[in-house]
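Consider the two complexes below, in which subunit A is the common component and subunit B and subunit C are the respective partners.
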Partner chain A sequence: MNDITMWAEVAAFVGGGLAMGFGAIGAAVGEGYAAASANAAISRNPEVSGEVFKTMLVGQAVAESAAIFALVVAMLLVFANVGENASWMTVTVFLSSGLCMGLGAIGSGVGSGFPAGAACEGTARQPAMGGRLVTNMLIGSAVCQTPAIFALVVSFILMFTNFSDRPVNPTWAAILGAGLASGLGAIGSGLGGGLVAQASCEGVARKPEAAGTLTNVMLLGQAVTQTTAIYGMLVSFILMFKAFDPAGTTLAPAMALLSAGICMGIGAIGPGVGEGFAAQSAVGWIARNENATAELTRTMLVGQAVAESTGIYALVVALVLIFVV
Partner chain B sequence: MTFNLEVILMTWIVIGILLLFGFLAVKKRGVIPNPMQVVGELFVKNLYDLADDALEEELGKKYGPMICALFLFLWMSNMLGVLPPLGFIPEFSEPTKDLNTPLGLGLMGFFIAHAAGIKEKGIKDYLKVYIEPFAFMLPLNLIGELAKVVSISFRLFGNIMGGSIIILVVSHLTYSILLPPALFGFFGIFVGTIQAFVFTMLTTVYISVQVK
Partner chain C sequence: MAIEGADIIKAAGLLGAGLSMGLGAIGPGVGEGMAAAKACEAIGRNPKEAGLLTRTMLVGQAVSESTGIYSLVIALLLLFVV
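Then we have the complex of A and B:
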């Protein structure tokens, strides 16, 4: 066994640990929030405790799925078969795919706890709307999972792409950057999307007639909230599939690629949460004043576009780092 | 230039299914509708309402058929992965799993939205949007506009691709016992429907942002 094979095995274990460790944070917080709201709901209206309990379990099951993605990736990494022709790229592939899935599961896990909690409280407040609330919660939390699914896609492509014909020097950093861009980028959007779904579930309980509008505006708000996570995925794809010139022993090109990933990843967190706030409030106020739906939706979209501009700055800087520097 | 024959074949299967559905739905029209007609009317009614809400009455009528066709195509495409193997086709796969399909549809929506904007507002008002609030925001506004195409197509692609990866890997890890049908239900049918709807709604909103 040579030196690099040993490090690749080490990286596979570390990557698996990071994937499951980080991946467990979000789902646990989200599920705890759902359970706390369920308690509040039951104390307010004990007659429907059975309904609330069921809603809580269904919501927690969806919130758990981000952690299950992380579990699958962690399992594949821990039992990964390190071939004889491992290189430093193999080492970063294992680390990067673990980090990507682990970080990517945080936001979606916490986020999908919010609609679950709101649906529990809504069921206590408006027991007749129980079925509609569960449907709305399921749609909202399924869309919340999207950033985690993006991280999963990137993490799988990293694991199963053959990088061996690429030059080792800048590619190892591109691989690491790709994982970080999608992983970090998913945090904000997952969380933000959860806030929107929470407002929508509250709104359905507050004003059941507006349920259709509330679901539609929620989907729109969540879709725009995910935009920066998609920029993260775009940067990851460029980093994974672009062929880079060999860089010899200089470190600068490699660092530019790594920073491109970090720049897009961290830059996507803020807009994700911010756009979530914008859409949360728009959906919340539509539930109070349905007549103003058109104005509120327009304000939401414009506000989100402005909040997103910092994410676009990050994208521009990341693309400059990849293509120009 | 290379062609992905599988995607083209799957796209034609989707078109075939939709055409067949269309013919069956209108074959024996009547005041007392047959089941196919009911389903068809349900789709048309709800999707036209969606277009009307976003685009006002007049434009809604104009773009309604496009919105309707877009949703039906995307929805059928996303459902295709759930079908079991059939006769001479060993395996169905979603055409939306290949980035080219969402990207093509995203570009289509982009061009329709901008053409609608120029037509409704006139070229001067259309161009003015790009130098607001300041003239030096022009490059960022342009990037923001192009990023819409990227975000709408990557969202669909990522979701469908992620769903099929999860189904494949978990089925493999559990030796296809118990879990796969539930996963097909969630990722295939549920997420597929939501994402088809989200794509359609975003296209509608992009048009409505341009014309207002």
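Then we have the complex of A and C:
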């Protein structure tokens, strides 16, 4: 066993640990929130405890999926077959795909817990709307899972792409940057999307007549919160598939690519959460005052557009780091 | 084989640019979202004042955007000037 093969084994184990360790945070918090809300709901209206229990389990199952993605990636890494032709890129591929999936599962896990909790409390409040609430919860939490799915896709592509014909020097950094861009970039969008879905489930229980409008505005608000995770995935794809010139032994070209991934990944968190706050409030107030739907939707979109701006700055800086510097 | 000092400085500048813009984007994103959330709440209570509320929201967001722009400026300085 040569030196690099040993480090590749080390990286596969560390990557697997990071994937499952980080990946377990979000789902556990989200499911705990759902269970807490289910208890609150049952104490308020014990007669529908069966319905609430069922809603809680369905909601928790969706939140769990982010952790299951992380488990799959961790298993693949732990049992990865490190060949004799491992290079330093193999080392970074294992670390990067583990980090990507682990970080990417945090936001979606927590976010999916919010609509599950709100659906449980809503079922206690309006037992007749139970079915509609579960539908609304499932639509909302499915959208929350998309950032985790982006992270899963990127970590699979990292693991199953053959990078061996690329120059080792800047490519190791591009691989690491790609994982961080999608992984960190998924946190904000997952959380933000969850806040919107929570408000929508609360709203359906508060005002069942407005259920259609609430679902539609929820989807609109969630779509905007997902944009920064999509920027993260875009940067990851560029980093994974662009052919970089060999950089010899210089450090700067590699650092530009790593920095692009970190910049887009961290830069996507704030706008994702902030846009979630805006849409949460808009959806919540549409349930209270349906006549103002047009004004609320417009203000939500304008406010989200402004909150998006720093995410766009981060995208611009990341693209400058990749293509210009 | 040795990495030269100038190369390390350049690499640090590039990494700093990414960190500056990445971390600097968190605060304005969250803060502007909160401003928009409160504007929506206020419009929900009093839809007649939607125009005034949206204007106030935009002014407030513009101010909270400033730190994001500072981060962008620092990032661009690190990339192209320093």
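Keep this in mind: the second predicted complex is superposed on the first by the 325 of 325 C-alpha atoms of A that agree within 3 Å, B and C clash if a C-alpha of one lies under 4 Å from a C-alpha of the other, contacts with A are read in each partner's own complex, and residues count from 1 in each chain.
The working rule: a contact is a pair of C-beta atoms (placed from the backbone, for glycine too) under 8 Å apart; a residue touches a chain by one contact, two chains touch by 3 or more.
Source: prediction; values computed, not measured.
Per the definitions stated earlier, placing subunit B and subunit C onto a shared subunit A by superposition produces no clash, and the two fit side by side. Once chain A of one complex is fitted onto chain A of the other, the partner contacts of A:Ala205 are absent, as it touches neither subunit B nor subunit C. With both structures placed on the common chain, the touch criterion links A:Leu321 to subunit C but leaves subunit B unconnected. In the superposed pair of complexes, A:Phe156 makes contact with subunit B only, with no contact to subunit C. Of the two partner chains, neither subunit B nor subunit C is touched by A:Ala116.
Counted by residues of subunit A touched, the larger count belongs to C, out of subunit B and subunit C. Of the two partner chains, subunit C is the only one that A:Pro271 touches; subunit B does not reach it. Applying the stated contact rule after C-alpha superposition, one finds that A:Leu220 touches subunit B and leaves subunit C untouched.
Of the two partner chains placed by the overlay, subunit B and subunit C both lie in contact with A:Ser309. One geometric descriptor of the composite model is the angle centred on subunit A: between the Cα centres of subunit B and subunit C it reads 100 degrees, in steps of 10. Looking at the shared chain after the overlay, A:Leu76 reaches subunit B, while subunit C stays out of its contact range. In the superposition on chain A, A:Leu239 contacts neither subunit B nor subunit C. For the three-chain overlay built from the shared chain A, the minimum Cα spacing from subunit B to subunit C equals 10 Å. Annotation: subunit A residues 298, 308-309, 313, 316 touch subunit B in one complex and subunit C in the other. Those residues of subunit A lying in contact with subunit B across their complex are 69, 72, 75-76, 138-139, 142-143, 146, 149-150, 152-153, 156, 216, 219-220, 223, 226-227, 230-231, 233-234, 298, 301, 305, 308-309, 312-313, 315-316. Listing the residues of subunit C that touch subunit A in their complex gives 1-3, 7-8, 10-12, 14-15, 17-19, 21-41, 43-45, 47, 50, 53-54, 57-58, 61-62, 65, 68-69, 71-72, 75-76, 79.
Of all residues in subunit B, only 50, 140, 143-144, 147, 150-151, 154-155, 158-159, 161-163, 165-166, 169-170, 173, 186, 190-191, 194, 197-198, 201-202, 205, 209, 212 touch subunit A in the complex they form.
Touching subunit C in their complex are the following residues of subunit A: 188, 192, 249-252, 254-256, 258-278, 280-282, 284-286, 288-289, 291-292, 295-296, 298-300, 302-304, 306-311, 313-314, 316-318, 320-321, 324-325.
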